[in-house]
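One chain, chain A, appears in both complexes that follow, with chain B as partner in the first and chain C in the second.
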Partner chain A sequence: MVFNSFIFWIFFAAIILPYYTVFRGKANWQNGWLLLASWFFYGYANWKMIPLLLIATGVFYWLGIQIERHSESEPKRASLLSTLGVIIGIGILFYFKYLGFLVEEFAALLEKMGCIDSKPALRIVMPVGISFFTFKLIGYTIDIHLGKIKAERDALAFGTFVSFFPTILSGPIDRPGEFLPQLKEGRSIDYDNLAEGLRRFVWGLFLKVCIADRITSYPNAVFGNVSYHNTTSIILAAVLYAVEMYADFAGYSEMAIGVSRMLGLKIRENFRRPVFAQNVSEYWRRWHMSLTTWITDYVFMPLNIAFRDWGKWGLYLATSINIILIGLWHGANWTFLFFGIYHSILLILVAATEKGRKAFEKKHRLKGRWFYVTPRRILTFILVSVGLVIFRAKGLSDLGAIISQCGKGFGPVFTNGLLEIGTLGLLSAVILFLKEWKDENQWNIHFLHSEHAWIRILSMAVMIAFIIFAGQWHGGAFIYFQF
Partner chain B sequence: MKGLRFLIRCLIVVAIVVILDQVCHFAMDTIRKKALLAKPDNYEMTSYYGVEMATEDLLVLGPSTATHHYIPSVLQDSLHMSARNVGKDGAFLYCQICQLSLILERYVPKLVIWDLSDDCLSHNLDWGDFLEIRDFWPYPLNDFSKAILKEIGPAEQAALHSWLYRYNSKLPEYLFAFVSGRNSFRGYVPLPADAQYAAGIGTAKAAENLHPLKVELFEKVLSYARDKGCQVVLVTSPRLADDDVQQSEQYRKLCEITERLGIPYFNYHKDPRFFGNLSLFRDADHLNENGAALFTHSVIQDIRREI
Partner chain C sequence: MERNEIFSRLEEVFRDVLDNDEIVLTDTTTADDIEEWDSLTHIQLIVAIEKTFQVKFTSKEILSWKNVGELADCIQSK
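Take a look at the complex of A and B:
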């Protein structure tokens, strides 16, 4: 059940009506209702994975209480339990995401060495959204252990935090300290929240159906048959894939934020105009922020402290581990490892040149000047697009084919009617770019958020009409569902 | 008070969308008609041409095998009837049924050559077929399109109440028709004979199960054409790939229907003049321009002999 489907809208209407009528203002009832809705939503994707979600919720609920109970009297035991929580979380991830890949790779190695005749197939079905809810759970136990939050004793609230349907499949990854307190209060209808939620949802829908699902046909056509394409088409496909990826994932996040807001709950922002990043380090502060801040808080900071005696080399090492983990978080594939290594090289370069760059900027008063900022933004976008080509490749052989094909030279760009199909997508991408540009420069021009009601109403109506008219309503699932 | 204000604003948004919906219908209908008048031979507009403008005695209907295999000028010279190819890439059985029914509602051609695959009645539903059928959503729905729509699902049925949705994705197609150089020869698009792709050559097993709605609508549209006085000839184009479709249930059903309704059916699937002859094919399913010329002449001979 995806946000851009008719069935989801019916589902959501069925959820929100009793939520604000029968259960209005009653926190427990509302949480229980949300929990049931979330399990239904998750089970709709694959009901066989419901037991895993229930067991994980139950185990971490118990662990949280135990960690808190022993934190003062037996800190070692609390620490052990916290470590157990991390191990269980990583264990779940490892079993469902990485074990099959590692066994296959190991078997392939043995096969090559002649130790076995044929590769055994290990088929483990990966539950959708596993990377998201396990990270929530790991973060929960660590936060209790560090004393940042209290263990949640309200099982309904805790279950809702873990399974909350707008975020369970693709994030944003909520923090318990921010989300759980919101569940303590009963929620009554707030029209400002409702209107803001609707605006965010419609904007997300626009990103998904008018941009991502429209332009996806081009990268799919080129990367799907890369041996038939030249460098020009591959470059265009890489650029369009970067746009598609952003529109797809940011679209999902916007819709998740919108749905949550309509339910009276605020969740984390996930993107802040990454296309305007001036270097790769800034890009990662603007892209998938709920993951990068999670990794920064729970992995990078402890590592940076552990490596502080090593000076700048310690920082580089912590950065590399951090970004490689982000790459591997996406799944078990050599390409994700290379994606992480590629970005770690870029981040180290940014960190190593930071001092000199800042001095240069100061000396020549370049900060904020368009002729300095624009090429940097373009260069960052190009570097990120190259990284996404690595990210998108199905495997090393696929990546090798793309690289070797790029070496064959430029030529006429492949169109074959695809540009006609993608025209509405490109037009929508221009609208997105102008909106982001306006927001980045903080220009006081607003449409959906105008101070004048008539502009807001008109913008909303035009937006809805445009989405119906130009959206690709038979597109695929969200890219991040696979992670 | 705040709730009432919110509700009123929502209603105003809906009202503006409804107005835009009607404006879209008027504007898009006008653009399509103008594009058809300006570029009737545009490759993207063939299906609209069939429904809105065609007056020819002979029409060729079908998917890409129709578009690339039948040369209207040759048909016209040999059969002494004005001829036009209204086939469209990716438009399979449901599209063809929809298109033929809409054509017959406006005028009755003397002869329709309907190119179809001999496994067209199979249960395999091609989502591409549902996408191509969107060409016909701007037209008034008839019994055939309503039945297909029911199969697609209630969401699509509900969405078709909106003209904005009916014209979804169509604007670039209409606009590009004005400027695009992708013209056809009265609907025929030759495929060059300079290269061949052997991809797809091999054996493919056919799906065995029949699709009841396809069978029902296929029979119904053939009867409808017969009742209107339109002679329909069914043809299966040659293919390079070998398969066992002709042993399948759907093929037996196809033969049974054509026999029962007295409709000529020429199957070139494994015709020795084409089968395995790489020089006549562009790919596994499509003849190149040399193959198309030979094939069109073969079809003409069969039509002359049978009708």
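Take a look at the complex of A and C:
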């Protein structure tokens, strides 16, 4: 059930009506209702995976309370229990996401060496959203162990935190310390929340159906049959894929944030205009922020602390492990490993040159100057787009085909797929860029947020009309559902 | 060591590592209050603080501080 489908809107209407009428202001009832809705939503995607979600919720609920109970009297036991929580979380992720791949690769190796005749097939169905809710659960146990939060004793609230339907399939990855306190109070209809939620939802819908689902045909056509295309078309496809990826994932995130906000709940932001990043390090602070901040807090910082006496080499090592894990988090494929290694090299270069660069900027007063900033932004965009080509490749042979095809040189651009994107796709992308430009430079022009009600209403009407007119409504699921 | 003294020495370390002479620390100061204080400079700060105060923190201690006040408490307890 995707956010940009009629069936989701019916589902959401059926949830929000009782939420703000019969259950209005009653925290327990509202949480229970959200929990049921979330389980239904998750079961609708794949009902066979409901037991896994229920068991994981139950186990971590119990673990949280046990860790807290022993933290004063038996700190060693508390530490052991929180390690157990991390192992269970990683274990679930490993079994469903990586085991099949490792077994197959190992069997292929044995086959090559002549140890076995044919490789066995291991088919493990990966539950949707597993990478997202296991991270929430791991973070929960670590936060209790560090004394940052209290264990949640309200089972309804805890269940809602784990399974919350706007975020369970693709994030943003929420933190218990921010989300759980919001469930303590009953929620009533609030005009600001509803209006802001609707605005965010409509903007996300625009990104998804007017940009992502319209642009997708071109990268699909080129990368789908790469051996027929030249470097010019591959470069264009790479640039369009970078735009598609952003519109798709940011669109999803905006809709998730919007839906939550309409329910009176604030969740984490996921993007902050990555196109304006001036280096790859800044890009990662603006892209999929709920994942990168999670990995920074729970992986990078502990590693960096452990390696702190090794100076800059410790930093480089922690950075590399961190970014390679972000790559591999997307799934078991050599291309994700290479994606991580590629970005780790870029990040090390940024870190190694940072001191010199800052001194240079200070000396020549370059900070914020357009002639300094713009080329850096363009270079970052190019580097990120190259990374996304590695990310998108289906496997090493696919990646090899793209590289060898690029070696054959430029030529006339493939135009078939471009016609489908057309003027409407281009116009939508321009609207997106202008809005990002305005937000980045904090210009005081507001359409959907204008202080005048008539401008707000008119802007919303135009936006919705444009989405209906220019939207691509037979697009597929969101790219990030597969992770 | 007196808490005041801890704070004034901490302030020196912060100003030196973060290259900003205007930094003033209070019990409730966090990384959100100081622009130059990010996840990278955080580690440099810890290394410098350990050197200045001749102490060694555990990972759990470092990860559980919520503000400068808790950091100062931790130094005092050593």
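Details
By definition in this document, the second predicted complex is superposed on the first by the 477 of 483 C-alpha atoms of A that agree within 3 Å, B and C clash if a C-alpha of one lies under 4 Å from a C-alpha of the other, contacts with A are read in each partner's own complex, and residues count from 1 in each chain.
FYI, a residue touches a chain if its C-beta (ideal position, glycine included) is under 8 Å from a C-beta of that chain, and two chains touch if they have at least 3 such contacts.
Keep in mind it's a predicted model, so treat the numbers as computed, not measured.
Annotation: superposed three-chain arrangement on chain A; chain B versus chain C shows no clash, the two fitting side by side. In the superposed model, A:L458 lies in contact with chain B only, and not with chain C. Touch criterion met: A:M301 reaches chain C, while chain B stays clear of it. Looking at the shared chain after the overlay, A:A470 reaches chain B, while chain C stays out of its contact range.
In the overlay built on the shared chain, the residue A:L315 is in contact with chain C alone; chain B does not reach it.
In the superposition on chain A, A:D117 makes contact with neither chain B nor chain C.
Among chain B and chain C, the chain that touches a larger number of residues in chain A is B.
In the superposed model, A:I7 makes contact with chain B only, not with chain C. By the touch criterion stated above, A:L146 is placed in contact with chain C alone, chain B being left untouched.
Taking every C-alpha of chain B against every C-alpha of chain C after the fit on chain A, the minimum distance is 35 Å. No residue of chain A lies in contact with both chain B in one complex and chain C in the other. Residues 5-7, 189, 191, 194-195, 417, 420-421, 423-424, 453, 457-458, 460-462, 464-465, 468-474 of chain A are the ones touching chain B in the complex.
Those residues of chain A lying in contact with chain C across their complex are 145-148, 296, 300-302, 304-306, 308-309, 315, 351. Chain C makes touch with chain A in their complex at residues 39-40, 42-43, 46-47, 59-60, 62-64, 66. Residues 2-3, 5-6, 9, 12-14, 16-17, 20-21, 24, 44, 127, 130-131, 154-155, 158-159, 162, 164-165, 167-169, 171-173, 176, 180, 182 of chain B are the ones touching chain A in the complex.
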